[in-house]
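After this come two complexes, each holding chain A, first together with chain B and then together with chain C.
== the complex of A and B ==
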């Protein structure tokens, strides 16, 4: 029964995919599309009998007849329209994708700078070995039918290359805007970020919508490759509104002594799932994955972070926080795999959730799989309301209970925000969080 | 002057090393103590499993029709199920038609005096004397040998207080109403694959009923022994504590050493009414297989308790040192308001042993509290997983859970895994979970060795310290046995 439904819903995409597969594209892209198409045909849509999707019902995504945006749309947007999503007063490299396709007239810094090249997938000619070697290698789509679907489209997305020893001072900002199309639309951005040996970069991803209530689906895949000693600082802000479905899979492979720091801020969509898979392939690599999500009535946030310690002396940290209000759901899976031989692994994991409503549900699964003995691994999880004693503290100082609760919630959430090293984003998010929990 | 000192010092050290080497050699040669087989005349069913086998088991036990019907329903349901594969263990497929489902000593004793001398000797060897006058400690024992209970001690003292403690098959005959009321009420036969199998073919086990307001005057204990070859053991234990009652229950088990694997799929059901309290302790010492992983018991057990009444309490304490594979999640359903569930566990896997064990705490009532302390030790090529569920339902307001899972790794080929599931559905409850994994630090060992304590002893000391929080919850005799078991099971694991 499930299979029949599955295939019925898949046929919707198959005709779109057939058209896409006819298009001319570099060999590397065609290969990824072909493999994606094959896997999409084979794989079932994720369902709740699959361990990774146990608490996330994707039926609303599977059942909605989304129309994939396969050509650049007429959007009529101008730079001032984007001011609230972008940072116009900052000198950043900014790639703006409207409904899945790059809008060069809204972007800036496309020429890159010494040591840095940025491009969009649709205009890639495929003759560049630095990208060819990595495109589609980490995520060809085998992880789920959704990543397969993304691979099968592979229409547009950002390509970033930072040369050996280069350390561009300007952050690279990828902005994904979806506009009102009159019908439920889907986009499948596909990004590739390559940092050569000792390169450093800051990458910001922003997902927003012009009309937040519109039903829409973003199914993004990002691959990142960090060479020896490379350092990537990545911030993702997901704020595309309560009508949106957002699935994102990011796969990172890290070379020797490289460093990856990630922040994921999610401000609530109907179903949001952010999956991060980090492979610590080289000795002494470090990664720190941070996250914060704030959800309201009718929203679901699913964070999945997997770190594979494949080499000795690597260090990792997973720290995710959530604040749940109304009838909202949060799902967390943090998984540390320590492979045989990955001695002197140092790994910590903490998931904290604050519940503001009796109707909110949290499902958390911090997991450890360890096959080496000289390791230090810890994980922890807490779930609860703002502590009564702390609210009492505020009340003894003449503040209302609501004020105490609001300030405590703000303090809880802001702990993640205040860690951010990029001041303009930190200030904007800090204001956002404060406004959200400020009592009337 | 200095040279004289040196000589004396090294001479002393030399003798210490020799001595500790001898001890290590002794330890390494000591094998599983309970690995022998008793030659006993027994009534064994042919291999295979179908409805006729179930009818035969039921007929041998002279069971009422309703029980046979229940078994058949369970069997029919079992045939529709498939073996679970989600556990983090691997083993060759089990051929359920190659097992024997019933084996019992032929001579059925009427009184303790009539117990077969062979059997008495067997339990004597296991350190469980069944002759009451020999008992120094006040523990009543129900001895289960293969598929039947052979003796239950101290029944007169218990019956004076209205406590029923007897073999399950006797309870079916003498207290059918009680059995019918509670059988399958906590673990229904539809619960899982092994529970369905057990419900179809269960042979014997213990039944215990503590009436209202009675505090059981002595610890109750069941001792399980698998003896026959190619036979699975499927026992069922049911403990009911009425309002205000309390009981301590101990369970022990051993099996002979054999090259083939044997299946043990048991069910334990606990029911605690208002203000009742049940402590259930297990020291599991089934044969674990040899160093190459040949033989050993597959221990696929379903244990669950329900805190039905307000202020009731169920506590599970387990020390899992045996079995080739352990698959076991003793859980508590906290239905009554203010009820308390506890789980204290030490699981050790050495050589090729695999353990996937943990607990389930289902909070249904208000102000319910649960504590989980799990200590796992992996050595050699052993693999150990903690798998636990803490579920706080919407009506379980003001509930509280604290979970701590610690893993200790000895050797670089073992594995330790943690898979907790936490689900919270109301905002006034608090759940905390923490877990750590580490190895015995060189510093700790160096400290001990510096003070003349050998490596094996030092490790044993550190391990015992690691497990102390759990051992503190075991009755005295069990704690002593558990400590000994751990040191025996760990021997030879230090390279």
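== the complex of A and C ==
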């Protein structure tokens, strides 16, 4: 019975998918679409009997008859409309996607710079070997029906290439704006980021909406490949509002001595799930995955991080913080797979949650699979309301209980924000967090 | 200024304070000594308004107000300050911001204008100089990663900025190195004045060489069992508390 329902809910995408599969596209894209389509047909939608989805009920996404945006929309947006989502006063490369498709007139820096090429998938002719080699290779729809669906569409998204030894000073900002014109729409951004040997780059992803309360679904997949010695600093800001559903899977593979630092800031949606899968393929690679999520009544945030230590002397860190208010939930899964031979693995994780309401709940679980003997793996979790003795400290300095609680909450959250190395983002997020929790 | 009468308090059902009476007049410095666990910190916390302690009997008036009726923040605004024996660490809030926010709440309650960041920074710089704290501590999160002695000094900095009428220092001297002890004492002495009183909880007579008290009290099993002048501290230093215990037993 469940299977029948399941397939009935899939059929609503079949005509859209059939139309897309007829379109001409580079071979690499056609291949990914075909494989995605096949897998989407095979895979069940995730449900709560699957370990990775135990605490995240995606039925509201599965049951909503979303209309996929399969062509660039008439949006009428102009640059000033985007000022609060973009950084117009910074000399950055900014690719703005509106309802899933690149809006060149709202973007800037598309010409790239020495050592850096940026493009959108829909404009790709499929002739760059660096992209061909990697497109769809990290994750060919294999992890869930959702990533398969994303692959089957593969309509647009960002393509980034940073050449060997290049270190562009300008961050590359990918902005995904959704608009709604009276119907529940879905977009499936598909991104590929390739850093060659010793390349360095800063990548910022922002997911926002012009009308945050409207029901929308974003189902994004990003693949990132870091060559030997490469360094990727990545910040994701998810702020598309209480009406949104957001699923994202980012698969990263790291060469020898490469470094990947990630920050995920999520400011609350109906169901948000951010999945990061990092393969530490080369010896001495390092990754640090940081996160902060703030949820309010009726919201769910699911952070799933999986790190595969496949080579010796790699280091990983997962540090996620959450502040939960109202009847909201957060789910955290930190999975570490230490493969045979990955000696001297150093892996730590910490999940800290502040509960502002007694109706908020958190499910946190580390998962360690260790097949090497010389490893250091630690994990920890804290959950609780703002500590009374800390609030008391504020009060003895003349501040009200509400002020103490508000500042404690702000401080707890801002610890993650204050680590950001990109000042304009740090300042904007700092203000956001302060405004959210500061007492009147 | 402060009048404590027959104060009894419990924590989690256990009676800790069993009838403390104490009169503190403006400008006076009272030292409170006593063995571990005798209730010194409990007394300090009860005065500051910690709701984890239940006052079961007695009264406390401060500047004519019934202190026990007031929440902790209103006590602070009225001029009660507690330097904690174990100051807590506050993540993500800078020392400067914390103090500015506290000072402005206190100022507002007195109908004074709030200080803006510029003016506050200037004030903070002066006070940091006064208690010899490195300016870089202004921007560090409150007490986070501070050494034991740095936390104590930071409490004195807060006192210097907030300028309370009654400062209760709970073992502020513990954990201070010799130089810091002098600096902190000098800080306290600079703040001494006809309108400001101190209750200084300490285990060591040494501190009282620097901050000469008007009175010394011995707290024992939740009550003040002996009071005297600064010489009482010397006597305790010499003889320990057994002597007090014996006296009590024969009484």
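Everything that follows uses one rule, which is that the second predicted complex is superposed on the first by the 440 of 440 C-alpha atoms of A that agree within 3 Å, B and C clash if a C-alpha of one lies under 4 Å from a C-alpha of the other, contacts with A are read in each partner's own complex, and residues count from 1 in each chain.
One rule holds in what follows: a contact is a pair of C-beta atoms (placed from the backbone, for glycine too) under 8 Å apart; a residue touches a chain by one contact, two chains touch by 3 or more.
None of the values given here were measured: they were computed from a predicted structure.
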item	value
Contacts of A:373 with chain B and chain C, given as first, second, both or neither	first
When both partners are placed on the shared chain, which of chain B and chain C touches more of chain A	B
A:397 touches, of chain B and chain C: first, second, both or neither?	second
Which of chain B and chain C A:48 touches, first, second, both or neither	neither
Partner chain in contact with A:382 - chain B first, chain C second, else both or neither	first
Partner chain in contact with A:362 - chain B first, chain C second, else both or neither	first
Contacts of A:412 with chain B and chain C, given as first, second, both or neither	second
Residue ranges of chain A in contact with chain B within the complex	51, 340-341, 343, 353, 355-385
Residues of chain B touching chain A in the complex	86, 394, 397, 407, 409-439
Chain C-facing residues of chain A, complex	387-390, 392-401, 403, 407-408, 410-415, 418
Contact set on chain C toward chain A in their complex	48-52, 71-73, 75-77, 80-82, 84, 87-88, 90-93, 98-99, 101-103, 105-106, 109, 141, 158, 162
